[in-house]
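We call the chains A, B, C and D, going by the order they appear; numbering starts again at 1 in every chain.
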Amino acid sequence: MPADPLIRVTALGKAFGARLVLGDVSLAVHPGEAVALLGPNGAGKTTLLKILATLTRPTRGAAAVAGHDCARDAERVRRVIALVAHGTWVYDDLTAVENLRFWATLAGLTPSADALAGALAQVELDRVASVPARTFSTGMKRRLGLARLVLAPPRVLLLDEPFAGLDERARKWFEEHLEAVKARGGALLMATHSLGRELAIAGRIAILAGGRIALDAPHGAVGTEEIRRLYALHTEEAS
Amino acid sequence: MADNWGYVLAAYALAALAFGGYWRRLARREHELRQIIAARGARRPQTPYAS
Amino acid sequence: MLTQTLGWIAAVAVIAGVAVALGVAPREATQGNVQRIMYLHVPSVWVAYLAFVVTAVASAVYLRNRAAATDRLAHATTEVGVLFLGVNIATGSIWGKPTWGTWWAWDARLTSVSIVFILFLGALLLRRATEDPERAARSAAVLAIFGALNIYLVHQSVNWWRTLHQPPSLLKAGPAAMPGAILAPLLINFLALGLLAAYFVTRRVRVLAAEAEALA
Amino acid sequence: MTYARRAWIVLWKDLLVERRSKETLNALVFFSLLLLFVFQFTLGPDRERLTAVLPGLLWLGFVLAGLVGLGRTFLLERENDCWEGLLLAPGDKSAIYVGKLAANLVLMGLVEALVLALFTVFFNVDLGPALGGLVPVLALGTLGLAAAGTLFAAMTAHVRARELLFPVLLLPAQVPVLLGTVKATEALLAGAPLGTVGHWLQLLAAADAVYLVVGVLTFEFLLEG
C-alpha cells in the first residue's frame, strides 16, 4: 500500500467562459515522485498547475495537495507548496537581498542576514546582493526567484517550464535541488512542452491533450523515442 | 390645481415605461438565449473542446 | 411556471396599487393631486433598498460558498434595485417641479438616494468591465457589501450637510405620524412594487443562468 | 506578531520602492501644484470668495490627489507577477491590505502637508490657529479616503479602463468622508472650536471603522486570481 499521494486530481474540469480548457483530468503524484506533464501549447498544463497552486478554482472535480482541497482549504495548501512559473516575483526597484527578505517575511519567516546571504550564494547572486534587480538579466531574476525555495523548502513543487531562461550552471544546481526535494519525500509536478532535460528527473510521464490525461506511464517503461511518437500522436489528435 | 394631474400621469407613465422596458428586455434576451442553446444542442450532441 | 404565476400576481397587484393611488386615495389638502406621485415614489425606494439588502446578504454568502446561483441573485437584485431607484429619482424630480418649482432641488433625500444609485450602478459597471467572470462576481460582491453599509453614512452626512444647524432635531427625521388614508395606499403600493421586483429578480436570475449556459 | 511583521514588510517594501522610483510622489506633487494654479485661475483674486470656498478646495485637492495616487496602489504588483506571490504567501491576506493602506497613508500625509503649506503661501491664508483642530479632521478624513481607496484599487486593478472606473466607484463612496471633512474644516477655519464639529468627527470615525472592517474582511477575495 503506497503512501497517500501528495497531489491528487480527480475528474477535474475548468472552463473559462465558453472555452473548456480541462475536461476530465485525474492524476496522482506520490511522495518522492516527480511527474513530467507534457502537452502542446494550450493543452491546459498551466491551468492545471494554477488550480493546484490555488491561483484559480476548478469548474468541477477536485484537486488536493497533501490531503487539503485546493479550493476550500487554499490556505493550508499554500503552506505546503511552492510555485515556480513564468513570474519571478521580483520587484525591479528592490535589491536582490531586499526582494528575498520581503517574500520570506511575508511568508511568516524571520530569516537572518546570514540565511539570506546563504540562499543568494546558492544561486550565485551573492556578489550582486545589494544591486537593484532592475539591472538583472532574465536568468538572474529567475535565479533570484529560485533562492526563495532555499529559504523555505516546500514539500510540493509545482513547476511550469522550470528550466526556461536558466543557464547551464543554474540548471545543474536546480536539478540537484529538485532531486533533493524528491529524496526528502516531496513531490514534483513539472509542466513542459519540451522533451529535454525535464524528463531526466521525472519518474513518470503524463501527457495532457484534449483536456484529459492521454497517457500516464512510468518513464522507464517508455523510451524517449516512444514518448516522442506518443506525444506527436496525441498532439495531433487534439488539434 | 387640476393641472397637477399632468405631473402625476407623467410620473406614472415614466415608471410604466421603465418597468415595461425592463420586462421587454428580459423577455427578448431570454428568447434569444433559448434559441442559441437550442440551436447548439441540435448541432453538437456532445460538448468537446473549443480549440 | 412559478415565475409566470408570480408575474401575474405582480401585474394584478400593480394595477390595484395604481387604482388605489390614483382613484381611491383622497386628494391631499396641501399638495393637491401631485401628492399621488408619492404612492409610486416612496415605495420604489423602499423596494430598491430592500433589494440592496438582499444583494449585500447574497454577496456575503457568495464569498463563502462561491455558488454561481448566489452570485446571480446578487447580480439580479443589484440591477432591479438600480431600476427601482432610478424610478424613485425620476418621479421625485417630476414631483419637485410643481412643488418646488424646479426639476432638481438639492433636497437631502433626493441627493443621498442619487448617490446610492450611482454607487450600485458602479457595481454593474464593474461587472461589465472585469473580464474574468469569477473576479467580476467577487469584486461586485465586495463593492455591494461596502455600498450597503455605506447607505446609512451617506444619508446621515447628506442630511447634516443640507441643514445648517446641529443634528438633534434631525435625528428623528420624517413625519411622526402619517394619517391612515395615506399610509394604507403607500403600503399597498409597496406590496405591489415589491411583488413586481421579486418577479423581475426571478426572471433576471433565469436569464443570467441561460447566459451562462449559452456561453458554456 | 507575525501579522504585524507581515503588514510592516509590505509597508517597508512599498515605501522603499516609492523612495527609489518616486513615481507616485513626483506625480502627486506636480499635480498638487497644478491644482493650485487651476484654483487661482478659476477664482480670481477675490479674497472673500477664496475664504468661502477654501475648505472645499482643500479637500478637492486631497481627494483628486488621492484618486491619482491611490488608484496606482497595486500597479507595482503586476510586474513579474508579484500579485501571484502576494496571494500565495501563506497567512492572513488582510495583513497585505493593512500594509498597503499604511503606505498610502504615509504618501497621502506627505501630499497633504505639502498642499497645506502651499495654500498658506500662495493664497496667504493663516491656518495656524485652526491647525490643532484640523489635524484630527485631516487624520480621520485621510484614513477613510485611503481605507476605501486601497480596497477599490484592488477591485479595479485588473479592469479595462481602470483609470476611469476607479474614480467613478470611489467618489460616490466617499461622499460621507467628503462632506464630513469639508463641513468640519469650514467650521474650524471660521474659528469654531473642535467641540462644535463633534458630530462630524463621530461620523468620520464611524465611516473609517466601517471601511476598515470591510477592507480587512474582504481584501482576500479581491486578491484571488
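We adopt the following convention: contacts are C-beta pairs under 8 Å (C-beta built on N, C-alpha and C of every residue); 3 or more make two chains touch, one makes a residue touch a chain.
Being a predicted model, the structure only gives us computed values, none of them experimental.
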Common touching chains of chain D and chain C: A
Pair of chains joined by more contacts [C-beta pairs], B-C or A-C: B-C
Greatest separation from chain C - chain, by CA centre: A
Euclidean distance of C-alpha centroids - chain A vs chain B, Å: 48
Interchain centroid distance [CA atoms averaged], chain B/chain D, Å: 42
Inter-chain centre distance, chain B versus chain C - centres from mean C-alpha coordinates, in Å: 19
For chain D, residues contacting two or more additional chains: 225
Multi-chain contact sites of chain A, meaning residues that touch two or more partners: 18, 20
Set of chain C residues in contact with two or more other chains: 132, 216
List of chain C residues in touch with chain B within their complex: 18, 22, 32-34, 36-37, 40-41, 44, 83, 86-87, 90-91, 94-95, 97-98, 196, 200, 203-204, 206-207, 210-211, 213-214, 216
Complex interface listing, chain C residues touching chain A: 66, 132-134, 215-216
Contact set on chain D toward chain A in their complex: 2, 5-6, 9-10, 12-13, 16-17, 20-21, 76, 79-82, 84-91, 96, 225
Residue ranges of chain B in contact with chain C within the complex: 1-2, 4-5, 7-8, 10-12, 14-15, 18-19, 22-23, 26, 29-30, 33-34, 36-37, 40, 47
Residue numbers on chain A that touch chain C, as the complex places them: 15-18, 20, 57, 71
